[in-house]
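Order as written gives the chain letters A, B, C and D; numbering starts at 1 within each chain.
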Amino acid sequence: MDFLIQLFTDPVAFWNSHTLLISQIGINSILASSMFVVLYSGQLSLAAPGFMAIGAYTAVLMDLYWHTPLALNIATGTAFAGVVGVAVGLPVLRLRGVFLAIATIGFIEALSLGVILNLPITGEGLGLKNPNADPLGGINIVLVSLAVVVFLLWRLTKGRLGYAWTAIRQDELAAQSQGIDVARYKLIAFVVSALLAGFAGGAESHLNFFVDPNEYGVPRTVQVLTFAVLGGSGNVLGPVVGALFLTTLPYVFQQAGDYIGVVSGAILIAVIIFRPQGIVGRGGFAFVRPRWWPRAQVRAPSTR
Amino acid sequence: MRRHFGGVHAVDGVTLEVEKGSIQGLIGPNGAGKTTLVNVITGYVPFQSGHAWLESDELTGLPAHRIAGLGISRTFQNIRLFKDLTALENVLIGMHTRRRDDTLAQIATLPMFRRDQRSRLDDARGLMETVGLAASDIAGRAAGTLPYGDQRRLEIARALALRPRLLILDEPAAGMNPSEKQGIRELIERLNEDGLTILLIDHDMRLVMGVCKRVAVLDFGRKIAEGTPAEVSIDAGVIKAYLGSGSERVVTSAPGASAAGDTELAGEGSAARPAVEPQKAILEIEDLTVSYGPVNAVRGASLRVATGEVVALIGANGAGKSTILNTLSGLIRPDSGTAVFDRLDLTRAKPSTIVRHGLIQVPEGREILARQTVLENLELATWGRRDGSAKRTQIEAVMKRFPILGERRALRAGTLSGGEQQMLAIARGLLARPRLLLLDEPSLGLAPQMVDEVFKAIQEIHDEGTTILLVEQNALRALEIADRAYVLETGQIRLSGTGEDLLHNPAVRRAYLGG
Amino acid sequence: MGQQILNAIFIGSIYALFAVGYTLVFGVLDILNLAHSAVFMLGAAVTYTLVVNHGQSFWLACVLAIVAAAFMGLVIEYICLRPLRRRRAPPIAALISTIGLALIIVAAIEQGRPGTLFAWLWVDGANPVTMPPGTFPNPTWHVAGLTLEGSKLAVVPVSIALMLVLGYVMRFTQVGRGLRAVAENPRAARLMGIDVDRLISLTLVISSALGGLAGILFGVALGGISPYIGRDSVEVRGLAVIVLGGMGSIPGAVLGGYLLGFIEVLAVVLLGSNVRAGVAFAALFLMLVLRPQGLFGAQLRERI
Amino acid sequence: MRRLHLVSWLAAALVVAACGSAGGSSTGSTNSYSGKTIKLGAILSITGAGGVYGPQSRDGMMLAVDQINKAGGVNGAQISLTVRDDASLQTQSAQVAQTMIQADQDLALLGPTLSNSAVAVHPLAESLKTPILAVSTTGINIVPDCKFPNTTPCSYVFRDSLGEETAIPDNIQSYAADAHPTTAVLLVAQDDKFSSDGGLIVQNTVGKYGINLLKTIKFNKAEADLSPYVTQAVQLHPDVIFITSLGGIPANIMTEARKQGWQGQFLGGNGFNTATVSKNAGANGLGARSASAWYLGNTFPSNADFVTAFKAAYNHDPDQFAAQGYAGIKIIADAAKRANLTFSDVAGDRDKLRAAMETVNIQTPLGPFQFTSTHDVKQTVWIIKMDGQGGFTLVHQIAAS
């Protein structure tokens, strides 16, 4: 409780003493957004952590060996993730539903266990020390970029691209009949998601003095998926809300103490059962929407 | 152009030319291959042989989105709107191909983008008005929640948004009542006057006859006739294809050819002598109302079936026939009204309980288990029964009655022909020891001789004392064997009477051909 | 090499047994039950607790553990799946709700220490524990330089026998036909008077019982029973197996299990230990890209 | 002049410290401690990969806090210790650390349990000028290395746990001296820092004692069955198998190797030094040797008292991690006693505490305890071997160099 109390009574002190938590929420939100993009175009891709790892390792290695500026490192990491995104996206495009999900899981596991743990340059199991990290200062970068990401996605979902994605998610056949090149737009979504994940990875690595190869595995992808789905994958705000909700859960329910795992599991089930479309779900904040608020037009994914 | 489809030649060497600026009709009974033809043209189903051109552009082998890009847009027989999106969004998506990639513009939220967006919105609203939708009040509603007729119109608006060179309408009027049909008909004519070339697929002859300059008739994947409506409507082959074999004696010319406008059936219905409702019925439906979301599929229908009867339920596509049957089987729950089968409240009971009580449905499209063998299908049909040995003997008996099943017992049901599958479905129904057998479109898409087979079987089953509620496209055949019949139109019972009466009631022809 | 083949056969049997349960549920429901690995772990944990902390006989413990696992099957159906089916929720929702349940089960074991809420279920927290020697007969022979160990050898016949039985049931019994009917066409099944919900519950029970049994055999033979054996050892590999074999196909899952077992062992022998996991998942990825329907799979079905 | 001044000041400080450690309750402190509370925070892995060790450390710390508070506290100030779980994840570890330092305003921190978390958390504490005492981390570069790669000592980071850099070489040396093995195989878990560090040290050390490392077999902790690796190792018939890995895995490996009929010697690092491993390995672990920071059987009072108290409190034997946790609290308490805390200015108190910690010199279950100039532990190393019944017996003892 004292967590919430401080939040409302003394927000400034709260902000200063929880920068890491807040940054983490930001990172998770960006990750969830990357998951959102694929879900929004009707693809259940779980590759996010893989692209994260690529972004993170690229950024840190560039810093360690070439001492290049942070912005460049993260940018390069992001770009590299995007390139790999194309390489992975092309072959798996025709897969749908769980098949895509499992293929992408195969990708992240092969990457983390097969590649990262065996490349000398990544420090293998030793991980990478990242002396120039700035855990407390990173928050601004994270929050600003989160704002940008959300804004961009919001614009995208409102434009030609977004309409195409929605159409594909809703009904691929009908989408084709409207002249939409399904394969092309699916790939775009896949790559955009890769870029976002790569960026999140790069940014997160700047918050940590250590890059830990174990943080880019299946548990992470499950976590990110949960953020996106629980928040609601039909609205740009969904993933952010989901990340916020689940990341702060252990702090909000501190009195659950050791049983936090049990509690959050129960909450997860409860929410998904009573709001299968996610917390934000259909039509954005329609369920708390004041009269003057424009009616959200984007919808949750259809059940097909 | 040939297209090999599953076991049968769905489209078999059909040649079809659509004259620019005309309305070309394409008719034929269900399962004639009309939709398959459209799917091939629009790139959903690959060509096996043959070619297709749009003016100078070859379509053969192009993916669907490219074909759409070339200017062929279509609607779907079973409406494929983006259900969760608003009506307006549906139309906007239709503009995809002629909308330049404005991603950057709108990321920057440039006024230029806003202007385009505004013009697009106006455009979309305009299109909705064109097809007769009041944009102002439904633009913001989720497409899936619109009434049936509006959804049809919206799909046309979406198709128009492509600015197509050729518009293909696949059964645009399916399941509409005469006045709605009239609306669609006027719409089609209006669009054509604006210079749009239209390929109209429908099995409602009256509509096609009314609007088309030329009509081609498909039956079993072959083109059996082509010409002006007048020519086609007196073509014996066509009449046969339409009314089922052996029906010529009843009908001398395909009805609708001289359709004198559309008078609501109800008028004539009142004239028609109401049938004597049986006193004690095994099935009693009172004032049943069923709806999918806001769409009312059945509105206050009431009917009764007495033991030993064959009762036919006829009417247009989407008139609500199947909905009633599914409600009886407990697959759908009604909004209001009662349905009682021998003291069992069908509006509450679980489907399995209903079956155990002896109310068995042979569903439309057979729904046999394609991946299991014929024998397994039959054995499954005895699920509800506990009498081991009796099962066996009866399965044997059934396989004697339908020898074809006996021969094919070890084959996967999916490999059977349509007619064989229908036999299997009926046999399955029998094995469940029905006290009331619901048959949904048993002759759907079957060859005439197969249809005869099926009806022979139904007749026999009835003679053995099984009560039957029959839902049938082939109304004439249905009425021939029915003791009584109900005519269903847009979810309401319009007429009822003995089979004989209705058989000779001119309104009936319009009623079922009106679908 | 001989020894390695034995290793492969053993772990292959475990994979197969676990994956059969996975694939059964997917085949009938088109849903990935991510709580399956938690049930696997629970089977091992309950057996250990009953024997060591509650002084039950080993055999009784095994039976009770399987019962407990089967009961978890019902819990999954009634809490995680049925409510969502009722609401026609997107299948991805079921993914999340089962994740939630897995979270609860693992957390409950994790927090089981003397004097806590779950002490009756588990007292070793996150500590891995091993069946004390002598709690079960475990003869060991040394033949031609090979080590044949009872507890490991036992796994093979048990798995194979069970899978034959299951195969027989699915193929030749009325229940089996019913299950296949539900899998192929629930609507038709309903019309034929099959109580679909009952059969689905049954599916979950069978699947979870198998999962639990796999856990028991695994824990007994290898020791190191901890809250994480499910998550770490079989969860993702189980996915790999059912994809290799073909989603929803029981013989496929069996074959896939042994296949993965051999792939992993061969990777160790031929390619050097550290690439083992990487190879397995690369194989998974390739399989999906080249032959998505797997070895035995039916045509793809496009549901999540 | 100034320098001389500084020196004399230092000397004075040392004197104070000396009588502090030697002397009774009241030192040169001018501030009153009575009625105040000393807030400490511990970041431990109660769940996850480190869940084998965290709870042990927690029990040890709680025992120490209990004893001190019952005995009238630190000059009358009570110690309050909050333990938080980091689920063995470095990100969570760092978050918890920040909360404890900035939100809870704890005076000093203990932990975290795992090396990968430590390398993330320690620099953070350093940058926030808060003393942090590692009680179980043994990997490379924990201390003194803050600004990797140039190894400048951290000023706020201390460690009372025995680094593998000392433990593994000592262990190898002693066994080489006893048995003169010639061949060895290394089994190393490649997916966590602690184990990988250990593996690295083994690889760098064996040569010195004429042991030929036939093969290094890497595996991942998250694997179903380790038998293939063990088979691979056993078939090379080495004299020694080194195991560097976390949790129960060493036990699984030993069991499997023995079942496959291998008779050689197991050597390992801190990963061995927990009851869990010895218990799970049972008879198969008999004779497995490791260098430990602590030995149950030591009879010197500071240990004997600890063991009896611990048994009384939790009715099972403590292990190395419990001892190190217990020692950790005692060390901080001793420093706090001499630091002359104000209890009003936390930042100032933290500085005073870290200064006082550098001069700690007390008796702990680990033996007489002092920090090296780089804040690492300076203590006797105990070479122990598993007794086959879940316990350990002493083989050698190597005094701190």
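Heads up, the rule we're going with is that contacts are C-beta pairs under 8 Å (C-beta built on N, C-alpha and C of every residue); 3 or more make two chains touch, one makes a residue touch a chain.
The structure displayed is predicted, hence computed values, not measured ones.
Visitor: Looking at A-B and A-C, which pair shares more C-beta contacts?
Guide: Greater number of contacting C-beta pairs: A-C.
Visitor: Just grab the chain with the largest centre-to-centre distance to chain A, centres being mean Cα coordinates.
Guide: So the farthest one, by centre of C-alpha atoms, is B.
Visitor: With centres defined as the mean C-alpha position, give me the chain B-chain D separation in Å.
Guide: Roughly 76 Å separates the two chain centres.
Visitor: Nearest whole angstrom, what separates the Cα centre of chain A from the Cα centre of chain B?
Guide: So the centroids are 45 Å from each other.
Visitor: I'd like to verify one number: the distance from the centre of chain A to the centre of chain C, where each centre is the average of its C-alpha atoms, in whole angstrom.
Guide: Their C-alpha centroids are separated by 30 Å.
Visitor: Taking the mean of the CA coordinates per chain, how far is chain A from chain D in Å?
Guide: The answer is 36 Å.
Visitor: Could you tell me which residues belong to chain D and also touch two or more other chains?
Guide: Residue numbers touching two or more other chains: 46-47, 190, 218, 220, 222.
Visitor: So which bits of chain A are touching at least two other chains?
Guide: Within chain A, residues 113, 117, 258, 261, 300, 302 contact more than one other chain.
Visitor: Let me make sure I understand the interfaces: which chain pairs count as touching?
Guide: Chains touch in the following pairs: A-B, A-C, A-D, B-C, C-D.
Visitor: Quick check on the complex: what are the chain C residues that touch chain B?
Guide: Interface residues on the chain C side: 174, 177-178, 180-181, 184-185, 187-188, 190-195, 298.
Visitor: Give every residue of chain C touching chain A within the complex, in rising order.
Guide: 26, 32, 34, 79-80, 83-84, 87-93, 95-97, 99-104, 106-108, 110-111, 116-117, 231, 235-236, 239-240, 243, 247, 274-275, 277-282, 284-285, 288-289, 292, 300-304
Visitor: Inside the complex, what are the residues of chain A that reach chain B?
Guide: Of all residues in chain A, those touching chain B are 152, 155-156, 158-161, 163-164, 166-167, 170-171, 173-182, 282, 295, 297, 299-300, 302.
Visitor: Can you check the complex and tell me which residues of chain C touch chain D?
Guide: Residues of chain C touching chain D: 3-4, 7-8, 10-11, 14-15, 107, 110-111, 113, 125-130, 132-133, 140, 142, 147, 149, 218, 222-224, 226-228, 231-234, 237, 264-265, 268-269, 273-274, 276-277.
Visitor: Along chain B, where are the residues that touch chain A in the complex?
Guide: Going by the criterion above, the answer is residues 42-44, 63-66, 68-69, 73-74, 76, 80-86, 89, 92-94, 96-97, 99, 101-103, 106-107, 109, 113, 140, 142, 158-159, 161-162.
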